[in-house]
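After this come two complexes, each holding subunit A, first together with subunit B and then together with subunit C.
So, the complex of A and B:
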């Protein structure tokens, strides 16, 4: 008896509490930038694709929903010839982002990925690639890596000495 | 046997080995770089440091390099010791201080020995604050990509390329921390074994350029054990596929056959599988059609009452050939080899099945201490054998050096003693060969003269061998010298093959071996024209010329041609006539003139899309497995034959449903193949009830690869024909040696993980090397001396003897269709001796006209001091094909 009365009293008190229900979709919740939602491919600060097609995201993916084919552009940059994520399989674990050595693949706060047709949840590179740098504004893999590409010669990366003159015997 | 103590645990070891080898053989993990089981130790990288203690009371010990310390009885070492571990981590840190932070774009990533060793030592952060040393790369041709920044200066590349493969154009340049490995200038790496740098290099300096064109990480490749189909040696390979394309070939260790190394034709010749010449759907007189329609048309040609014959192929598997033989009947089955080729193979097999001679494995050729090569340009026809011969040449001086009690593994010390000394190698051919540079003596002559030299050597070895009449004094002296060297050797090998085109040459080689084999069985190694020539030879079928004759006689209604371009077997006019007078059903993997002219052409699988058995030049039957399920209507040759038989209402193949059935039936029908079914793994084979997976446990993209077509993932294809599965599921540990799909072990992602698959480092694979030897010396076989000694070659006025020349790139049919190999193919030419050129007034590059075998050829002359006088060399498969050489031809300047 006492317990019932106490319960009724508690429920009654809730009438005067602020509601926690969010009026979604009219009202959108705030999600932090590191929220793990829809995956995108970002570009480096110079506007070129960040993805170098290293296959680490696809290897890290526990549901194997990422597939791609690496290629090489004429300027020496590696890039994905095609890149596909099957969001109908994706579990938004973020392991791909963690594995990505170039900050190319990132998870965004957009979680609204419902569809009646599973087939339209298959995203190709054109659907994934955005025009910005995403969460990591400054990073450009090719400025750090010792690979020469057109416009950046050997020895021009960060922390690199000028290329060795093989014919010199000077110390 | 000796006992060593590693971290206080006793291990039984071989005192002739070093500590590193023995630790690895016992399954202990010890990082290393510069040591390679085939190259020995030099102690250059300082990575394999361990602590050695004087005795059990010694608490301090001292750091030694495991690779430079013999595994002496009672030695006490510690791998786990803190000082040693710290030392190793320090070395890695030093090596990594200049490493370029480019693993994501490095083709070695994921199968990198440097990555593995770095993880193994625990080094993870670059503490060095200063700049990284950089280098400029070189353009090294179509096979190898160069990225010098990744170098850790282990010297393995030059030790393999220069010391092991005798290459000249790769070297170490500059000094101190500027040491640079490359050529003196940009250019194609000339050595035929340059592809091994990809596996020898512990990091990504040398990577596979053909793989780069369709790059895939190791863990994503669907791989299966395969056997190289580009020459007769039967080197074991691992073929890898991704997205329906064959992407690369890696070496698959087999201690008896290829060991650690492959040739570049075998490694880079795979791309024909993806080529645009591939046949992907049936053709009716060159027009694409569907399989049911093609089968219906073909079946109409193969009705019960029609007279059909089958032409097999020395580049198709035993299973496919036997299926055809069963379908048409042994009396209507032809080997697919041209008459000349067929006779050569028959002679070789007769010699090898006789008493007193034995066919050595490649490994046994490597350990020979005297070699006599008759009429064969081994570097071009069977490249991996040439690499074995180069090791054999080092055998005698090495044995000599080891008398100074230098252990076998102490490479630098042995080389210091050996200097440039070479063991006995004698070569007699019609044209210059690349092995001449390491030969004691090499002589040039027309094939008959080469054979006469061989017979003279046999006579010098054994007085009961027939005398060679009219031998010049110089030749006699040379024959005596060769006989002396062979007699003095502990393990002499005689090498010959089909390359000269002369049957007498083969007889001569057999004669030498028989003379040598008077007291003990002698080693006689033949190279055959194609990957399954010996298999077809053992099937004992008629040759293709007889098939043409039968068609010409009007005795045939339909011909089934299995994986064979007849234009490579007979003059064009002959094949044209046959295609006109009989209905031809051609089954092949690529389009060629025979396929285009056939009434019905059916798309067969290449070596990567089927499974089968090939018999190598050693007489070793080895099974290759399907790597992937091909696109389109491509099916294995034997499968087409079964469907054809069924559609035509013939019941010859009704009881046979799989390659295993075919093999079992073959073993019953032809006694020499009897051991096959019990020694080769059959489809029913399971480990703990599970199949062996073709994919790695980390294979990726399973739910995305086909998602663009449908999100409902299809079931992985079943494979009822083999113990392998098209899946990552299956027996997760080491399979039996014949079923090794990849070399990988926990912590060892690179090919160096091979150590974990061997019974001991550099030894046989665990459970024995795969393959069954079918040719063992016969007890009472044919062994009498041949009396048919040819007369000396005589020059003719205005006529030359056309002899075949071969090229590693271009002479072999399928590899020449691979773009990277095609880039290395030479232009057609005719090789002439300098003096002959002078008499003909021909200059280098001028066109000469030769006419033989009913065809006229105009070829630019190539003047070569190495050609024998009175002969003209023409590159087979490049300048001419389908001709019967040696043949006499007039030669004119155009």
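So, the complex of A and C:
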């Protein structure tokens, strides 16, 4: 009996608490930077596309909503000729981001993706590609990878030694 | 003049019932650290209109397996009996539909009639959950009816009359809540069970019985049960105010304002109880009624009568 009265009193006191509701359209909720929302393709600090068209995101995607076609530029850099994400299928699991070896594909805290037309939820490369580096500002795949492209030979990457000439006997 | 009063008093509970939908949702939400409906119109009051439009335009479906005539009759009964009880409530010295010399008995009779609505709805739906709800309702309401009446006999003894107006007049010096606190507590619990509000909403018990006796109802027939429930809440609150809290009596402000404030307070108490208490098991409910509240109300009656006799001699 006493516990019931105490319960009623406790509930009554909650009348004077601030409601925890976030009044959404006017008041935006705080979302942490690593929130898994809309997917973007980022660029490296030099402004080139990070994506190297390895298809790992497409393979990792559990609902098969990512499709792309890899191509190669004249300087040897790979890039996606087209890149398509169907957001009406996407489950925002973030596995593509985990699979990506170049930090190209990233999930952002933007979740406001509603649309009246299903077709307009299919995002093409021009919709996905942003001008910034996203969550990893300094990273540039071709600067740290040992791959040779035009303008950067083997051994020219950051923290990379010159290649050993195996045909020479001198140490 | 009298016709205006009659129409006003009979329409007020219906308007109040519609507003109570909003009040209950907002107040319940605030008690649960939410806002409740606050989008439509100022303070979300437009939700009342929206709800009414919704419920009037919904498909009004009668299941083919239902007992048609009774199915239609049942929701009407609860509203009619609720409004009939409103007729005997004295709102101020001058406002009030009628002043029966057996007003209190009339109220008890009408609230007993309300049981038929729930039982018939459960029966006519021809659905096992509805029938279970109806069965529970009949058992619960019949048993709580007994000491609902008994708990009020103390008030009748003190006032020396069954007329509600005279009962209010008898509280000019001291409200009956003071000498009749036990009677008030019992009447309050019984009133809660009588209107089958939470925590005594076992006839509905949506966790176990889908929606209990109104599982099969839709559209405005379903709405009528809700109107009936809110009219019931209003009537029971008004009765508490009339019988134990001096009705329209109060300093400074006019009687109708005092009556309204007291009424609002008890309606809010009803909603607070809904927010805070869990639903008891059915056997607990019956045991509590027959083994605790009935002896207590009898004790209250005997002690009140004894004290009055002592004072008289």
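Quick note on the criterion: the second predicted complex is superposed on the first by the 151 of 171 C-alpha atoms of A that agree within 3 Å, B and C clash if a C-alpha of one lies under 4 Å from a C-alpha of the other, contacts with A are read in each partner's own complex, and residues count from 1 in each chain.
Assume contacts are C-beta pairs under 8 Å (C-beta built on N, C-alpha and C of every residue); 3 or more make two chains touch, one makes a residue touch a chain.
Since the structure is predicted, the reported quantities are computational estimates derived from the model, not experimental observations.
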Have a look at where A:129 lands relative to subunit B and subunit C in the superposition and call it first, second, both or neither.
neither
Applying the touch criterion given at the start, work out whether A:41 contacts subunit B, subunit C, both or neither, answering first, second, both or neither.
neither
Check the residue A:23 against both partner chains and state whether it touches subunit B (first), subunit C (second), both, or neither.
second
What is the contact status of A:119 with respect to subunit B (first) and subunit C (second): first, second, both, or neither?
first
Which of the two partners, first being subunit B and second being subunit C, lies in contact with A:14: first, second, both, or neither?
second
Under the stated touch criterion, which partner chain does A:96 make contact with: subunit B (first), subunit C (second), both, or neither?
neither
Which of subunit B and subunit C A:4 touches, first, second, both or neither
second
Let me check the overlay on chain A: which residues of subunit A are in contact with subunit B and also with subunit C?
none
Under the definition above, what is the set of subunit A residues touching subunit C in their complex?
4, 7-8, 10-12, 14-15, 17-21, 23
Applying the document's contact rule, which stretches of subunit C touch subunit A when the two form their complex?
29-35, 272-273, 275-277
Provide the residue numbers of subunit A that touch subunit B in the complex, in ascending order.
52-56, 58-59, 61, 63-72, 78, 84-86, 88-89, 101-102, 118-119, 121-122, 124, 141, 144-148, 154-155, 157, 159-169, 171
In the complex, subunit B residues that touch subunit A
100-105, 109-110, 130-137, 147, 149-150, 173-176, 178, 180, 182, 212, 214-217, 219-220, 243, 698-705, 707-708, 710-711
